[in-house]
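Next come the structures, one after another.
Look at the two complexes coming up: chain A is in both, with chain B in one and chain C in the other.
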Partner chain A sequence: MTRFLFWRVLTAVPTLFGMSLIAFFIVSLAPGDPVLQELRAMGSVPSPADVAALRAEYGLDKPVILRYAAWLGRAVRGEFGTSIASGRSVLAEISIHLPATLMLAASALAGAITISLALGVAAVSADRGVAAVLRTLTVVVVSVPSFWLALLLIYVFVMQLGWARLVGDGTPGDLVLPAITLSLASGAALGRMVRERIRAEMCEDHARLAIAKGLSPARILLHHIAPRIIGPLATAWANTLGGLLGGAVIVESIFGWPGLGQLILQAIAQRDFPVIQAYLVFMGLGYFATSLLADVTVILTDPQLRREVGHD
Partner chain B sequence: MTDAPLPLALRPARRLPRRIAGRGGLALGLVLLGGFALLAFGGSLLPLPPPERIDLLARLAAPSGAHPLGTDHLGRDVLARLVGAVPVSLGAALATIAAILSIALPWGLTAALAGGRVDALLMRLADIVMAFPTLVLALAVIGFMGASLEASIIGVAAAWWPSNARMVRALVLSARQRDFVRAARLAGASRARVLLRHVLPQILPPLAVIVSLEMASVLLVLSSLSFLGIGAQPPTPEWGAMLNEARPHFARAPHMLLVPGLAVTLAVLAFNLAGEGLRDLLDQREPYRW
Partner chain C sequence: MFRATLTARLAAVALLALPFAAPSANAETSLTIAVRRDSNSIAENNFNFTTRGPVAQVVETAVQPDANFVPQPLLFDAWDYADGTYTITLHPGISFSNGTPFNADTAIAALQLYDRNKSDFLQIDPASFTKLGDLSFSFRSETNSALVIENMTHRGTSLFADVADRATNPIGTGPYLLESYDPKVSLTVVRNPTYWGTPRNIDRLNFRYITDDNARLLALQNGEIDIIADVTPQMMLSMPQDGSVVLHESRPIRYVALLANVNGKAPFDILKDRAVREAVAWAIDREAIAGVLFGGRGVPAKGILPGWMFNLGDDHTDGFGYDPAKAAALLDAAGWKPGAGGVREKDGRKLTLRFLAAYPNVTSVKPMPEMLEQMFTAVGIDVDLVEVDDAGVYSDTYLANGEADLFMEFASNNNTDPTYLLTMLFTTTTPWGGYQFTAPGAHVDKLLADARAAQSRDEVIAGVRAAHRAIVQDDLTAIPILMVPNFVLSRPGLEVPMSEFTDWIDFGMTRIVAR
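Moving on, here comes the complex of A and B:
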C-alpha cells in the first residue's frame, strides 16, 4: 500500500506541475495591468516612475519564465504574496475563508450521499409505478438551477416563514439552507448514478445466482452489490466534492456565506491576481487529495486490486 | 438476458408501462425542445414590446393585461425579455457544446486510434485540466478575459472538454473491440474506411445521449455564471442575468424571480429528458428481479 501511495503521488507530480503552470499563466498573461489598477484605485494619477517602481516591487518587470520559477518556489513554501485588493497576505485571506467553505462542502456532500443512496436504492427496489415517480422527481431536481432554488428557499423560509436568517457570520444554524441547496441537485445526480450502477449489477449473473439462492433483497444489496459499486461511487463522490467546492461559489454569494467563493468573486471583479492564483492552487490540491482518497477506497474495496497492490 | 426475445404478446405485462414511461419522457423532452426552437426562431414575430424598451413609470409592475408576466425594475416587459433570452441562452449553450466537441472529438479519436505514447500524453494533458473543478477553471478564465458572455462560453468550454475527450476515447476503444470492426480490418479496409463506416456509426448514438445530457449541464453552468454577473452583461436578455437583476427587488416583485428560473429549469429538463429517453431507448439490458 505504501508503495502504491508512493507511485500514485509520484505520477501525480507532472499533473501538479502542469496545474501550477495553468494557475500561473492564466493569471499572469491576463490583459489589464494590476499595477495601474491599484494606482487608480488609490485615486492617484500614475506617473511612469511610480508605475515602474511598483512593477519592480511586485517583480513584474522580469521575464515571465523567471517570474514563474520564483512564484513556484514561493508557492511550494506556502507564500502566495499579498492580495492587491486588501493588502493582507493571500494565505491569511485564504485561511480566513477556507474553513467556512470546507464546512459547507462537507455537510453538502454528506447530504448528497444520503439523498443519493436513498433515491437510488428506492428507485431500484420500489415497484414500477413508484420507481417512475422517483425517476421523474430525480430528473426535475437535477434540472433546477441551484441559484434559483436558493432564491426560492430564501423567499419561503427567510422572508415568508422567518425560520432562518440571511447573515454571514458562519454559525452552524446558518448552514442549513445553503447546505440543502447544494446537496439537493448533486444528491439527485448521484442518485441517478447509484440507480444506474445497481441496475447494471442486477443484470449480472452473480446477482441472478443470489436471487436464485433465495437471499433477501437487503442481503443481496448489502453483501453482493454494495461491495462492487462502492469503488466507482467513491470516485463519483470525490468528483462531486470538487463540483461542490465550485458550486459553493454560487450558493455562498446568494446566502452571504463567508467562504472562498465570496473571496474569488471579489478577486475576479478586482483582478486580484495573487488571490486567483492561490485559489486555483488550493482547489487543485484539494481535488488531488480527494481523488487520492477515492483511489485508495477503490483499492481497499476491490479484493482483486487489493491483492495486486499487496503483492508487489 | 440470455433467453430468446419473447413475442410482444407473451412478454410480462409489467414491462410495458416502463417502456411507455421512458418514451413519454423522451416525447416530452422533444416537444419542449421543439417549443424552445420555435421561440428562438419565431420569438421576434410575437406581438411583444422590444425586450430593451424601458418604461420607468411602470417599474416592478405585477402581471397585468398589458404585461402578462409583469415588468422589471426598469419597467421592461418580463415576457418579452424571457422570449428574447431564448436565442441568447440556448445559443450560448449550443456554441459552448460545439466548442467542447470540436476539441474533444479529435482529441479522443486521436488518443484512441494512435494509442501508446500519444495516447498517454494526450490523456495526461487532459488530466491536468481535469484536476480543477469545472466551475473553478471557468471562473479563472473569466477572470483572465474579463466578464462577458463570450468569456463565459470560452471558460466553460476550456474547463469542460477533457471529460468529453475521455468519453470519446472510451467509446472509440470499445467500438474498436467489436468483431465486425476487426473483420473489416482483416478484410483489408483502409483505416479511414474502418473509422468512418464501422467505428463512427457505433459511437454516434451514445454520443447523442452524452451531448444531450451535457447540453443540460452547460446550460445550467452558463446561466449560473450570468446570475453571478460574470456571464451575459446587461442589458442583454438572458435568464440567469434576469434573475441576477431580480435579486434586489424580489421582496417587492416576486414575479421577476419566478419565471426566468422556470425557463432555465424547463430548458434543462428538456435536454435531460431527451438524453435519458434516448439512453433508455438504446439500453436493451433488463435487470433480474427479486
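Moving on, here comes the complex of A and C:
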C-alpha cells in the first residue's frame, strides 16, 4: 500500500504541474488589469512612472513565462505571494476561508450521501408508482439550478417561516440552508447512481441466490450488495466532494457563507491574480486528495484489489 | 385595608419592573449596514484599511467636501496657498484615539506616512515640511499644484497615527473606533467617546459584506440588516413597493454616457465625423429612458459633470433634445443616405456602429442598450450591440484597442479634484488604457493641463468648464444620456444623511425615528 501511495503521489506531480501552468496562463491572459483597477479605485492621476512602478510591484512588467517560473519557484516553497486586494498573504487568505468551505462541503457531502442512499434504496424497494415518483423527483432536483434552489429555500425557511437567518456569522446553525441546497442536487444525482448500481447487482447470481434462499431484503442489501457497490460509490462521493469544494461559489455568495467562494468571486472581480492562481492550485490539490482517498477506499473494500496491491 | 395594601404592593412591583419593561433612555443604538465588497487592504505600501467608504469612520481627512464638493475645514482649520507652498493651521484640541495630540508634529508625521505608503497621489514634497508652530506647518507641492487641498478630500488620503500595528489596529481622529474586523464577513466600529467633533447618533455600526444583490435585499426585508449601502438598479426594480423598504437618494451625480471613438481605425472610424456623433445625440429619447430606468429617478443629462459640482453651473452646456428628424437630416447631410433594409450607406459602406455596453457592467444599465439600439435603428443606424458584464473584458478586449464605436459608461466623478475625470477619460495622455480613443485632441489636452497648472481655484474651474463644454457639446466625444442619484436603501424609520459622494455618507449621523 505504501508503494501504491508513493507512486500515486508521484504521478500526481506532473498533473499538478500541468494544471498550475494552464491555470497561470489562463489567469495571465484573461482580460483585466489589476493596475488599472487599482488606479480607478484610488481616484488618483498617476504619472507614467507611477503606473510603471505599480506594474513592477505586481510583477506584470515581465514576460508571462518568467512570471510563471518565478511563481512556481515560490509556490513549491509554499509561498503564493500577497493578495493585491487585501494585502494579506495568499496563504493567510486561504486559511481564513478554507475552514468554512471544508465545513460546508463536508456537511453537504454527508447530506448528499444520506439523500442518495435513501433515494436509491427507496427507488429500488418501493412499488412501481412510488419508484416513478422518486425518479421524477430526482430528475427535477438534479435539473434545478442551485441558485434557484437557494432562493426558494430562503423564501420558505427565512422569509416565510423565519426558521433561519440570511446574514449569519459562520456558526453551524447558519450552515443548514447552504448545506441543504448543495446536498439536494448532489444527493439526487448520486441517488440515481445508487439505484442503478443496486439494480445491476440484484441481477447478479450471488444476489439471485440470496433471494432464492429467502434472505430478507435488508440482509441482501447490507451483506451482498453493499460491499460490492461501496467502491464505485466511494469514487463518486470523492468526486462529489471535490466538486463541492470548488463548486459552492454561488451558494456561498447567496448565503453570505464566508468560504473560499466569497474569496474567489472577489478575487476575480478585482483581478487579484495571486489569489486566483493559488485557489486553482488548491482546488487541484483538493481533487487529487479526494480521488486518492477514493482509490484507497476502493482498494480497502475490494479483496481482489487489496491482494493485488499487497502483492505489488 | 387589604385592597389598599395590595394596590401598594402592585404599584411597588410595577415600579421595580419598569426598567425591564420600558426601553432605557440610554439603550445602545446600533445599525447593521450591508456592503457589497470588503475593499480594505492592510498592505504596508497600499494601506487603505478603514479609509474606503462606507466603513471610513475611524480616520478622517484633512478637509471635507461641502455640498458642492468644495473643500471645507476638518482637521485643517485654515490653509493658504502661494507659489506652490501651502501653509496650514490645524484645528485645536484634536487627539488621535490613542491620546496622542494632533498637532504640527503628528500631522506632518501622518502626511509623511501617507507619502510613504501610497502612490504619489498628493504630490507633496516630503522634504518640504516645515513646522511653523504647535498647530501650523507648511509644505510644498512637487508640481506647483493648487489642487493638493482638493485632493485631500479623497477618503484615501485619511490621516493615521504612525503606529507600528496600524495594519490591524488603525488609529485615527475619527468619530468611531475599530472594534472588530472579520475579513470579507464584517467590520464593526463603536463610538469614539473622546471624539473631538460632533458626536454621532449611532453607538455601533456593523458593516456586513454581502456579495449577492438579492441576498442584500432579502436580508433588509427580513429585518436582519438596517441599511444597504450598495444599491444596484436591479435591486430598485425588485424593491417591494409596500413601504417595507425605503429609498434614500442624493442629487443626481452619476452619469450614463456614450463615449465616442474619435481616433479609431477602420471599421471603427465612422464617428470621426462630428455630424454622425451629433446625429446619434439627437436620436436619443432621454425622457423615455429616464422613465424606465433607476425607478424613474434619473434625469436627462446635458453633461457628465452635474452643474452643482464645483459650482460649475448648468449654463456652459446646451445638451441635446430628442429630434429624430434632425438626426436623419444630419446623416443625410453627411452623405449617409437610406439604403437597403433601412440602413444608411455612404460610398457602398453601411452605417454600422459597434455599441459596447457597458462599464462597469451591462447589468447595471439594462435595458438601456436595447432601447438605444431601437432609437438608432429608427434613424437608419445599424447597431452591432456587444454587451459585456465585466469591467476587465470591457477595458482590455475592446476599449484598450478601440474595438468599438460607442462605449457606454455608467460612472461618476468620485474625486474632488475638478480636473480628475476629464483628464482620465478625455486626454490623449491618459494613463488609463483606451481612453485616448475618446480624447478630442490637443486643444482639450491643453485646457485640462492648464487647469491642472492653474494657481487659483477660479482658474481651475474656468478651465474645467471649458473642457467639459468641448467634450460634451462642441467636440461631442461624450454623448450624455442620464444623470442618476446615489441611492441607499433602508428599513422604515431611518433618516440616512445622503451624500452624492458615497465615501462621505455619514452613517453614524443616521437618525432613528422609529423602530
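Operating definition for what follows: the second predicted complex is superposed on the first by the 311 of 312 C-alpha atoms of A that agree within 3 Å, B and C clash if a C-alpha of one lies under 4 Å from a C-alpha of the other, contacts with A are read in each partner's own complex, and residues count from 1 in each chain.
The definition used in the following text is that a residue touches a chain if its C-beta (ideal position, glycine included) is under 8 Å from a C-beta of that chain, and two chains touch if they have at least 3 such contacts.
Since the structure is predicted, the reported quantities are computational estimates derived from the model, not experimental observations.
Once the two complexes are overlaid on the shared chain, A:Phe80 sits clear of chain B and of chain C alike.
When both complexes are overlaid on chain A, the residue A:Arg271 reaches chain B and chain C alike.
In the superposition on chain A, A:Val158 contacts chain C only, with no contact to chain B. In the superposed model, A:Ile96 lies in contact with chain C only, and not with chain B.
Judged by the touch definition given at the top, the superposed model places A:Pro258 against chain C, while chain B stays out of reach.
In the superposition on chain A, A:Glu57 contacts chain C only, with no contact to chain B.
In the superposition on chain A, A:Val27 makes contact with chain B only, not with chain C. By the touch criterion stated above, A:Trp237 is placed in contact with neither chain B nor chain C. When the two structures are aligned on the shared chain, A:Trp71 is found in touch with neither chain B nor chain C.
Of the residues of chain A, those at positions 30-32, 151, 159, 253, 265, 271 touch chain B in one of the two structures and chain C in the other. The residues of chain C lying in touch with chain A in their complex are 32, 34, 37-47, 118-121, 154, 156, 167, 182-186, 208-212, 214-215, 218-219, 221-222, 224-225, 390-393, 395-397, 414-415, 417, 419-420, 423-424, 431-433, 452. Of all the residues in chain A, the ones that touch chain C in their complex are 30-33, 36-48, 50-51, 53-54, 57, 82, 85-88, 93, 96-97, 151, 154, 158-159, 165-167, 169-170, 253-256, 258, 262-263, 265-266, 269, 271.
Interface residues of chain A, counted against chain B in their complex, comprise 14-16, 18-19, 22-23, 26-27, 29-32, 124, 128-129, 131-132, 135-136, 139-140, 142-148, 151-152, 155, 159, 199-200, 202-203, 207-208, 211, 217, 220, 242-243, 245-247, 249-250, 253, 264-265, 267-268, 271, 276, 279-280, 283-284, 287-288.
Residues 1, 14, 17-18, 21, 25, 124-125, 127-129, 131-137, 139-147, 216, 220, 223-224, 227-228, 230, 240, 243, 247, 250-251, 254, 257, 260-261, 264-265, 268-269, 272-273, 276, 285-290 of chain B are the ones that touch chain A when the two sit in their complex.
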